[in-house]
Amino acid sequence: MLLHLSTWPEVEAYLGQSQGIILPIGSTEQHGPTGLIGTDAICAEAIAKGVGEQVKAMVGPTINVGMALHHLDFPGSISLRPSTLILVLRDYITCLAKSGFTKFFFINGHGGNMATMKAAFSETYAHLSDFNVKNADFVQCYLANWFMCSSVYKLAKELYGDREGSHATPSEVALTQYVYPEAIKQGFLSENVASGHKIYGAVDFRRRYPDGRMGSDPGLATPEHGKRFYELAVEELSNSYLEFLKGN
Amino acid sequence: MLLHLSTWPEVEAYLGQSQGIILPIGSTEQHGPTGLIGTDAICAEAIAKGVGEQVKAMVGPTINVGMALHHLDFPGSISLRPSTLILVLRDYITCLAKSGFTKFFFINGHGGNMATMKAAFSETYAHLSDFNVKNADFVQCYLANWFMCSSVYKLAKELYGDREGSHATPSEVALTQYVYPEAIKQGFLSENVASGHKIYGAVDFRRRYPDGRMGSDPGLATPEHGKRFYELAVEELSNSYLEFLKGN
Amino acid sequence: MLLHLSTWPEVEAYLGQSQGIILPIGSTEQHGPTGLIGTDAICAEAIAKGVGEQVKAMVGPTINVGMALHHLDFPGSISLRPSTLILVLRDYITCLAKSGFTKFFFINGHGGNMATMKAAFSETYAHLSDFNVKNADFVQCYLANWFMCSSVYKLAKELYGDREGSHATPSEVALTQYVYPEAIKQGFLSENVASGHKIYGAVDFRRRYPDGRMGSDPGLATPEHGKRFYELAVEELSNSYLEFLKGN
Amino acid sequence: MLLHLSTWPEVEAYLGQSQGIILPIGSTEQHGPTGLIGTDAICAEAIAKGVGEQVKAMVGPTINVGMALHHLDFPGSISLRPSTLILVLRDYITCLAKSGFTKFFFINGHGGNMATMKAAFSETYAHLSDFNVKNADFVQCYLANWFMCSSVYKLAKELYGDREGSHATPSEVALTQYVYPEAIKQGFLSENVASGHKIYGAVDFRRRYPDGRMGSDPGLATPEHGKRFYELAVEELSNSYLEFLKGN
Amino acid sequence: MLLHLSTWPEVEAYLGQSQGIILPIGSTEQHGPTGLIGTDAICAEAIAKGVGEQVKAMVGPTINVGMALHHLDFPGSISLRPSTLILVLRDYITCLAKSGFTKFFFINGHGGNMATMKAAFSETYAHLSDFNVKNADFVQCYLANWFMCSSVYKLAKELYGDREGSHATPSEVALTQYVYPEAIKQGFLSENVASGHKIYGAVDFRRRYPDGRMGSDPGLATPEHGKRFYELAVEELSNSYLEFLKGN
Amino acid sequence: MLLHLSTWPEVEAYLGQSQGIILPIGSTEQHGPTGLIGTDAICAEAIAKGVGEQVKAMVGPTINVGMALHHLDFPGSISLRPSTLILVLRDYITCLAKSGFTKFFFINGHGGNMATMKAAFSETYAHLSDFNVKNADFVQCYLANWFMCSSVYKLAKELYGDREGSHATPSEVALTQYVYPEAIKQGFLSENVASGHKIYGAVDFRRRYPDGRMGSDPGLATPEHGKRFYELAVEELSNSYLEFLKGN
C-alpha cells in the first residue's frame, strides 16, 4: 500500500488497524564508472515496496537525496547537509505522528545516511515530546539497512568475495540491474581499484578513490543476482518489520 | 535522460554539452476523498520525464514532499516547513552548481510550493555568491507550474468549467489516472463542495474544506483527459525549457 | 491609531473591540538614479497610516528592510535573507498573537517581499499551532500590495502606459514625492531603459539593469500624481481591510 | 542625510568621502501606563537624525523592534528573539559592508538590546571574515546608548533624582513628548512603583512590575525637558561619532 | 557537591532541598605570552568548586569554551559563535529545568562571554515558556563574574595598579598559578604593552594587540596572590549565591 | 601537553612539529544508582591525558556534555540536541583548523555521541571547504571510542561476562573509581536489571530501564579493575593515534 497511491480516507482506515509505516531512503551520488547515480534510492524503494506488499504495510514516499557530501567531487552527486537532513526527517516524522503513525521503519540504501538518521531520530523524539505531539512518547524509529541484512551479506560474500568492496558494490549494482534492466551500463573498470582508505571530505575522497569505487568490482553484477538480493532483503526485512511492530 | 539512471561519467559528458537540468517537485498531501496523496509529485514527475525526453535534458530526482502545512489536519499528509524546504533547495542547487549545472528548470505540481521556492531561489543566489561557487553569478532557476500552462488551463476550463476548482481538481486527478490507471479511486463526492475561502492554518483549512476539496469535482476526471493534459503540458513546458536555455 | 504612539492600556482597550492590526512592510533598496532608497517603506507606511485612520485600526511599526537580495550590487541597498525575514515575521506575529491580535493585515510596498511573506505566514501558522499560542487556529494573515490595487494599476496605465515599468516606477516615485516633496531628486534618466529580463542574483541583475530601473520612466512622476495614487490605495485597501475583518 | 531619502548614486558619492553610517535601533514595548510603546525607537530615531545632520553622516533606517522578550506579558509589545536579532543585524551590516561602509555607529534606545547587539557584532565580524567580504577586517561597530550619555544622565538625576527609575523613565518619556507633543498621554501613576527587582522572564516581569514601570515617575516629564535631553544627546553622540570615525 | 561526581538518586535527593545549581563557564583563548589558554575556565571552575563547598550547592560541569572570536588569530584559541553558545546554554538550562532546577548561578571567567550569556538567558526564558517546561516562569539565571567582584577588583588595583590591564591580567594569571603551580610559565613580556583599543574582529585584534595582552603585566602575578584572589572571590560569590537563592 | 595549560607561543611551536590534537568528549548523564553522572567525561578525559602524555600530543579541553537526550528523564542529566552538538563540533574544529591543526583525534566516552559526531564531521568537512579554511581538504577527524578498544572489551568480558551490560557498565564505573577513588558510591542494585530494549525517547527509556542501568552490574567494579582498563585503553589508543598521524 503506497501512501502516494492512497487517498486520505484510505490512510485514515489504515491507521485504524496499524500505526506502522515504511519509509525508503536512499541517496543521489556517484556509484563508480558503471553504477547508477540513483542506486541507493532505487534499491531502497524497490525493497520497501516489496516489504510493504508482503506485510501489508503503508509505504511512504522515497527520500531520494541523503547525506553524500563526500561524493560531491563527482558530477551529478547531490547531498543534503546533515543539519538539513535532520530537519527533513524531523518534519516527515512529526507530520506522520500527528496523523497517528508511531512506528517508523526506515529502509535505507546508503551507509552514509546512517549516522545522520540516528542523530535525527534522537532530535525528533525530543522535538515531539517538547511539542506534546499526540503519542509522542510512543513514537519509535527503526533503521533497517538492506545491505546489512545477514542473508544479503552472505550471498554477496559467496558470489563476489573480496570484490564486493564497500561502494558501488556488485550486489547493489545487481539489484539496480534487476529493477532497471534497460539501464545496465558498460564502462571501463580498472582491475586496480582503490580500497581501504577512510572517508573524510569530498576532495580527499576523490584523491583516494579516483573512479568512485571503493574496492568493488561491479562488473560481476548480473540482473539474476539482483533478483536474489532483492528477494533475500524483502524476506529478511519483512520479518524485521513484523517484529518491530510487535515490540512495545 | 534521468540523473538517477545515469553514471557520473555520463553526467560529465552531458555537462560538456548542456548546463540545464529539470527538477520535478510535488507534494505529499490529501487530494480530497478520491485524489491520490501523491498527486502533485506524480504529475510533476511524469511531465518532467516527458519534457526531458523531448528536449534531451537531464531530469533530476523528484522532490516528493513540499510545502503543504495547511493540509496537515488530514491523515497521510507530509510537509516540510518553508524554512526546511529552503535549505533543501539550497542544498540541491548548490551541489549541482558545483558539478557545473547553471540552468535549473523546476517543474512544479503544487501551488503551495511556489512562494517557498521563490524565496529559496533568492536565498540560494546569495548563498552561491557568498561561497564563490563556480559560475555562481550565472546560476538561474525557473519555476514552471504545469497546472498554470495556458494550454492546460484552457482545456480544464473547456472540460470542467467552474467545476475544475483549485485543489483536488479533475485535471490533476485525470493526469494521475493516466499515469496510474490501476489506482483510480471511487468515493463519495458531495455536490456541495466548499470553495472560495482563503488558506490559513491547517485546523482552519479543514474547518472550511471538510473533505479536502476546494471547489472541485474530481469525479469528472478520466484517464483520457489525463493523457491530453499530459501531452499539452509536455509540449508547452518543452518550449519553455528551450527558451530558458537560450536566455543569457 | 499608531502602536508606536499608544500605551499598553490603550492597546488593551483596543483589543477589547478589535483583533485587527495593520503592519506596513517595505524595503531599503535602490530605485534607479532618481528614486529614493526607502521608496517601498515610505509608500507602505504612508498608506498604512491612511488606512489606519480611515478604518480606526491599529497600525504597527514599519518593517523597513525586506527581501531585496537582487538589488545588493547597488550601494545603499539592505536586505534580509528570506530565512531571516521568515523569522522576523514569525516573531512579530507570535508576539502580537500572544497579545490577542488575530487579524494581521500587511500593507506591502515591495514585490520582492511577496514570496517570502507567504512562506513566513505558512511557517508561522504551524509555529503558533505547535506552541499552543492563544487563538492559534484563528490567526489570519493578509498580504495587501498597494501597487497591485486595481485602481492604482489603472491610473498608472492611464498616466504612464508602458513607461510605468516594473521597478522604480513613476507611480511609486510619485507617491514618495507626495509624501516627501522636499526629497524630489533630479538625475539623468536614459531613454534607453532595460526591461523584460527575469530576476536572478544581484550581479546578474545589475548586468541586465545597469541603472537600476526596470523598464520605467520615473521622470514622469509628479507629487500631484502621488496624491492620487495615495488616495486610491487608501480607499481600496480600507475596503479590503474591512472585508478581511468581517471574514471568519 | 537619510539613506531612505537618498538615491543609490548619492550613496555612491557619499561613500567616496566617508565609510560611516548611523543606525538607530529601538524597541516596541510597553513603557508603563503613560509611556508610548514606540518610545525607544522614537528616541533613537530622533537623536540619530539630529546627529546625522550635525556631522553630515548617512543615517540608515530605524530598527523599530528589538529584544524585549521580558515585556511580552503586556499587550502591544513585540520582540525579536536574540537569535533572530543577531541574524537581522548580521544581514544589515553585511549588506552595507558590501556597499563599502566600514564604520557602523548604532544609536540605541533600549537597554535590553545591548547584550544581543554585542553578541551580533562578534558574530558578524567572524561572518564577514569567513565570506571574504570587502574590507571585512576593517569593519567596526559602535554601540552608542543615548540614555547612557553622561550629560543626559546628569540632567536626569538633576531633574528627577531617584524618580528617574530604569524603565519608562521621565527622561525618555520627555524626549517622546518633545518629538510627538500630540501624543502626550495622561494616566494613573501610582506613587507606589515597583523597583529593584532583577529581570527574568515575561510572566515574572509582570508579576514584579505590575504596571510596567521600573521605579520611575514619568509624570515628571515635560516636552521642554525632552528638548534638553535631545540636545544633550545629539551633542554628545556627535562627538562620539566623530571620534569613532577618526579611530583606525 | 559536583554534579559529575554524583549519582542521579543523589541529585534527586538534592532537589528535594534546593533548586539551585552553580555552572562555571570560561573560555579557551590566548592569554598573552605567559598566560594559560585555559585561564578563564580554570579560574571559573576553581572558584565554582570553592563556592559549591562553602554553600553546599551542586556544581555542574564546566563550560570550557565560550565566546572568544576576537582571539582566533592566535593559535590554540577556540570559540563558539554567539549563536552556537546561545543554543548550548539553552540546552543546558532546559535539561536542568526539566530535572527541577530553577536557580542557575553562572560563575563566569571571561568578559567576552557576558553579552552572549545575557542574550542566551533571554532566549531561554522565552523558550521554556513556549514549551511549558515545568516551573518555566520561575527559572532565573544569574551572571556572576568573579573578576568583577569588588573585593577582587580592589586587591588587583592595590597589587598592580594600572598594570592589571584588561586581558591576561596578573590577577587571573595569579589565580591559575595558585591552582596549577606546576604550569607557571616564563616568557618575554615587553614593557611596551598595547592598551586602550576597542575590540572588533580577530585580525584587527591581533594588529592592535600583537602579543595578546591588553595593557597588563602578568609578570607581577604570584601563586600567593592567586590564593588571595581565590579566597576573596569564593567569599563574595558565596554570599551572592545565598542571596540569589533567597530572592523570590 | 594540555592545551588549557599551554600558552599560545607554545601552541605555535607545537604546530611547527605536529598538526595533531586529541579532543576528549563525554557526556553528563545518569549512570544508574551508583554510577557517576560525569562517568563518560571522566573516562574520556583521563584516557586522553594518558594518551597525550604517551605520544606527546596536544590534548584539548574536554567536551563534558554530549548527546544524551534519552537519559533526560533522570535528574541531573544534561544533553545537547544533535543539531547543537553539530554546531559545537563544527566551531571547535574550524577554530583549530584555522590555527593549523589538521588531525583531530576524538577520544569518546559515550556511545550516544557517535552518530552525531559522525554527522558533525561530514558537516564540518563541507563547511571548511566552502569557507576556504586553510588546509580544509586535509582536515581529518577520527572517532576513537575507548570502550570499544579490543583489549578493553576482552578484559570486560573476562571480568564480568554478560554482567558488563551496555550502560552504567562495571568497566566504566571501575575506571571512574580508579580516577576518583574518593567518589565510590554505594547503592541498591537489584539483581533484576532490565536489558535488551532498544533506545527511543527519554520517557520510553525510563519506562524500560527504571533504575537507569542497561543490563549491567556495576557492583562488580573495583578501582584496581579501573586501573587495568585505563592502561589498556591508553596503550591501544596511543597506537591508534600514531597510525592516524602517519596516514596521509
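As written, the chain order gives the labels A, B, C, D, E and F, with residue 1 at the start of each chain.
We adopt the following convention: a contact is a pair of C-beta atoms (placed from the backbone, for glycine too) under 8 Å apart; a residue touches a chain by one contact, two chains touch by 3 or more.
Owing to the predicted nature of the structure, the values given are computational and were not obtained by experimental measurement.
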Pair joined by more contacting C-beta pairs (C-D or A-F): C-D
Furthest chain, CA centroid comparison against chain D: A
Chain pair repeating D-E, as identified from B-C, A-B or E-F when over half of the contact pairs by residue number coincide: B-C
Separation of mean Cα positions, chain D and chain B [Å, integer]: 46
Chain A-chain D separation of Cα centroids, rounded to whole Å: 53
Inter-chain centre distance, chain A versus chain F - centres from mean C-alpha coordinates, in Å: 29
Set of chain F residues in contact with two or more other chains: 72, 81, 83, 131-132
Chain A contact footprint on chain F (complex, rising order): 67, 69-70, 72, 81-83, 86, 112, 114-123, 125-126, 128-129, 136-142, 198, 200-204, 247
In the complex with chain E, residue positions of chain F that touch it: 2-12, 15, 28, 30-38, 41-42, 60-65, 72, 74-81, 83-84, 87-88, 91-92, 95-96, 98-100, 180, 183, 185, 187, 212
